[in-house]
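Below is one structure, written out as structure tokens; the observations come after it.
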Amino acid sequence: MREGHDLFHLAIPVYDLDATVAFYVGMLGCKLARRYDDRVTLDFFGDQLVCHLASSPDAPAEPELYPRHFGVTFRQEHDFRSLLRLCRERGIPFFREVDRRFPDLVEAHDTFVLRDPSDNLIEFKHYDDPRMMY
Amino acid sequence: MREGHDLFHLAIPVYDLDATVAFYVGMLGCKLARRYDDRVTLDFFGDQLVCHLASSPDAPAEPELYPRHFGVTFRQEHDFRSLLRLCRERGIPFFREVDRRFPDLVEAHDTFVLRDPSDNLIEFKHYDDPRMMY
Amino acid sequence: MREGHDLFHLAIPVYDLDATVAFYVGMLGCKLARRYDDRVTLDFFGDQLVCHLASSPDAPAEPELYPRHFGVTFRQEHDFRSLLRLCRERGIPFFREVDRRFPDLVEAHDTFVLRDPSDNLIEFKHYDDPRMMY
Amino acid sequence: MREGHDLFHLAIPVYDLDATVAFYVGMLGCKLARRYDDRVTLDFFGDQLVCHLASSPDAPAEPELYPRHFGVTFRQEHDFRSLLRLCRERGIPFFREVDRRFPDLVEAHDTFVLRDPSDNLIEFKHYDDPRMMY
Amino acid sequence: MREGHDLFHLAIPVYDLDATVAFYVGMLGCKLARRYDDRVTLDFFGDQLVCHLASSPDAPAEPELYPRHFGVTFRQEHDFRSLLRLCRERGIPFFREVDRRFPDLVEAHDTFVLRDPSDNLIEFKHYDDPRMMY
Amino acid sequence: MREGHDLFHLAIPVYDLDATVAFYVGMLGCKLARRYDDRVTLDFFGDQLVCHLASSPDAPAEPELYPRHFGVTFRQEHDFRSLLRLCRERGIPFFREVDRRFPDLVEAHDTFVLRDPSDNLIEFKHYDDPRMMY
Amino acid sequence: MREGHDLFHLAIPVYDLDATVAFYVGMLGCKLARRYDDRVTLDFFGDQLVCHLASSPDAPAEPELYPRHFGVTFRQEHDFRSLLRLCRERGIPFFREVDRRFPDLVEAHDTFVLRDPSDNLIEFKHYDDPRMMY
Amino acid sequence: MREGHDLFHLAIPVYDLDATVAFYVGMLGCKLARRYDDRVTLDFFGDQLVCHLASSPDAPAEPELYPRHFGVTFRQEHDFRSLLRLCRERGIPFFREVDRRFPDLVEAHDTFVLRDPSDNLIEFKHYDDPRMMY
């Protein structure tokens, strides 16, 4: 069972702390919790995202969605649409535009994917049937 | 603000679905939500963990904790201790034993790290001061 | 008063653990919590269902709805409809199709009944007036 | 996920409605929600228990705990102890006295079993580790 | 502030315990919590109503709404309407039919009044503006 | 079930609005919600208490606790003790001092009774076993 | 994270306690919690507002909205509209009429400003996108 | 009644945005929600604090606690103590050290006051009796 007072904790590499704050706080509307020389911690939709400063790869490849990405599955379609509108109004580029997956199955859901300045991919989803959220 | 009805969504690579279920469900006590040919989805401490079947690296390296790992930050020390006891009673090997970080700072917290069969690292934490959870 | 943190606990006989998991987890969308040689425990709509392996009756009779069955009474009609759609989309056979009972009384409710592979009957209900849920 | 506003629904056979009310309401402290000629419905620790009047078996056998029984798994040990004290103070006979199961495992829990006037068995449990409640 | 786990407690005189249970439980859909020789206690819309057996007045007068009555103020109009429909479908006589009070003021609310078998008056209300509920 | 957003509504007679406000707000710590010429409405421990101005009886009798009084049943003993201390520190006279009722039964509870300036009696209670609160 | 049981505490100067109570309680519908010779404390939309009696400035200037004011940001537009209607029905003068700010940005919100009898300015807001509430 | 999803909104003048962020985010542990050229918005203990850039007074006077200040009243003493410890460990200077006010009255509470870089005073409190929080 999900205890509302516990937090999911995710640590990811980023290559530039300022760009990270500009993207997550300035664009996506997350809150900056703490900033250190080697990392920033964010209140990412209520959970903790720790962005560790890492050296950028010499030859950055195009990121791939599978198998590694993270994001939020919204319970209410309204919240999903609301975030989608924010991304459009602020001109955040999409890695993958909004799309409907498995439209004929119980697993049907809407999804879009963003890409942060360090090529981490962030997926936001909403399922028609909330029982499929897990 | 963290809305209790939304879920954090994390997708990670795994190399063997059976071993993944055995570890997360059988050992760690997570719940299996769905199983497909190419992935399993788990109720991981209330959030969604999707384990995508990926090919194992030819030359597996020793995993490193930074910059990439995930886990749970518990609000109550009791829940942290309770999970620690489960790990010990079930003989789950630790990647990093329980440790106290920044003991003299407000950021003081207890932490231990597990390693799943696909070398994903999972950190569990508890902060003395819950305001540092983010 | 219903305490959200307590669980209803129901133990029922099943004749085949694999078939049980296939039905409750694979079809109905429940979560598998634990599996042992002689039982599986399920997160059944938030409560605990323990399925104990029992020997199948020699002469199985057609199951009867009364007096013994279990299920869920949904507060929101939307959740009832959503589960009904899941059953149809996944082709789960109905023991009793969706029906309206006591349409002229305050006790009016919609209901349908499923049958698990071990002939346990599962009723899902939604009352027009939530005060009749008990 | 357990939605606080949905109810678990269990229907069981009873052989005497007055005795049923006397046991569940008068002794165990459940609340009587509705009474009809052929059944009573109870608020059983927050969920719905429907007791259908059935004919008593000609040759009643000693009831067996497995595979069929129901009850409540308490989140707080205090609530488990409190109910146990009520049973003792009111002299409710135990089918199985309070006992500790799997004391050396993570699944360790305290449990006792009551028997209603129609030989339905009711188990109350409390796990040391709440993650084992399912 | 209203603490969800505390209960309002109201004790009233009644002249006949059976008639009291028939009215509050059988008609109005409240739950019977406890019955003693000299009183019954009810779960009255979530609060505690204790009905003490008293001797009926020799010359019962027509009850008056002011200054003494009790009831429930619903937050949602839907719940108010739902109870109103229950009263009509079950033929519970109204002491005062549904009415709109102070229609031009912020204090505007809908209300109806029932009379229990012992002439206690019960008012149910719904305010347009929930800030007027107190 | 007690819906946190609904309010219990109790209307009582009082003989002096200023004295009523002085007692409930100034002494007992309730909040004044609204004041009119003929009544005041109070946030009484989270529920609505409406005090209607009535003419004082010519020959006031000593009030009796049964069958008519009202109050609060606290879930936590701490809250009961806290209010008791407030009454003592502010010198509010007791109609009936704190007392323990039914000490040997499951119904055991602590209780004290206050008397407002219009002779309405107010009982505050705390049960050892919260299942007896109804 | 906002803990529902903590209160924001704001202390402001007022020049007349009676006028303050008349405005906040009588007009705006706040609740009076405590009154002393030199201050009143109010339940202001669930938080604590302490109005300290101060001497009125000799030459009162027209108040300015920036940089100092306070108020409430509503999550639901309905609650914002409901308060706006209350202000109109009760003829509370507006310091700044309802207005839409930043209509083309994600920060778009509706707002109106009241002025209390001591020239404190109170702003009420509702954002289209609740993620902008902070 | 305090609706958990609404926010208190307070706007204050500050003379330096960087110093403001350093104090509220870096020292006090608040979260930065948004930053503009002329203001920053903070998640201040769950409510919204907007810090508007204003010109510093020519002749800054020693700030006075009355009548104008703001802060948080904690429900749990533990949270008050926890913040006090944070202030000490991080060496935040106190405007007024921790103190006990009205020790012999029901209004007894602990309090300490901080001063932000723009001379705004921030009071944190904890009352022995939570009913005095308003």
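Chains here go by letter, A, B, C, D, E, F, G and H, matching the order in which they are written, and residues are numbered from 1 within each.
The rule is simple: contacts are C-beta pairs under 8 Å (C-beta built on N, C-alpha and C of every residue); 3 or more make two chains touch, one makes a residue touch a chain.
Bear in mind that the values here come from a model prediction, so they are computed numbers and not experimental data.
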| item | value |
| --- | --- |
| Contact distance in steps, from chain B to chain E | 2 |
| Pair exhibiting more inter-chain C-beta contacts, B-C or E-F | E-F |
| Classification of the chain B:chain D interface as same or different, half of numbers criterion | different |
| Intercentroid distance (Cα basis), chain G paired with chain E, Å | 36 |
| Centroid distance [mean C-alpha coordinates] between chain G and chain F, Å | 32 |
| For chain A paired with chain F, centre-to-centre distance based on mean C-alpha positions, whole Å | 52 |
| Distance from chain B to chain A - Cα centre to Cα centre, in angstrom | 19 |
| For chain C, residues that touch 2 or more chains besides their own | 1-2, 29, 31, 33-34, 43, 46, 132, 134 |
| Contacting residues of chain H [partner chain F, same complex] | 1, 104-106, 128-132, 134 |
| Complex contacts: residues of chain C adjacent to chain A | 29, 31, 46, 82-83, 85-86, 89-90 |
| In the complex with chain G, residue positions of chain F that touch it | 25-26, 29, 31-35, 43 |
| For the chain H and chain G complex, residues of the former touching the latter | 1-14, 31, 33-34, 41-43, 45-48, 52-54, 66-76, 79, 123, 125, 132-134 |
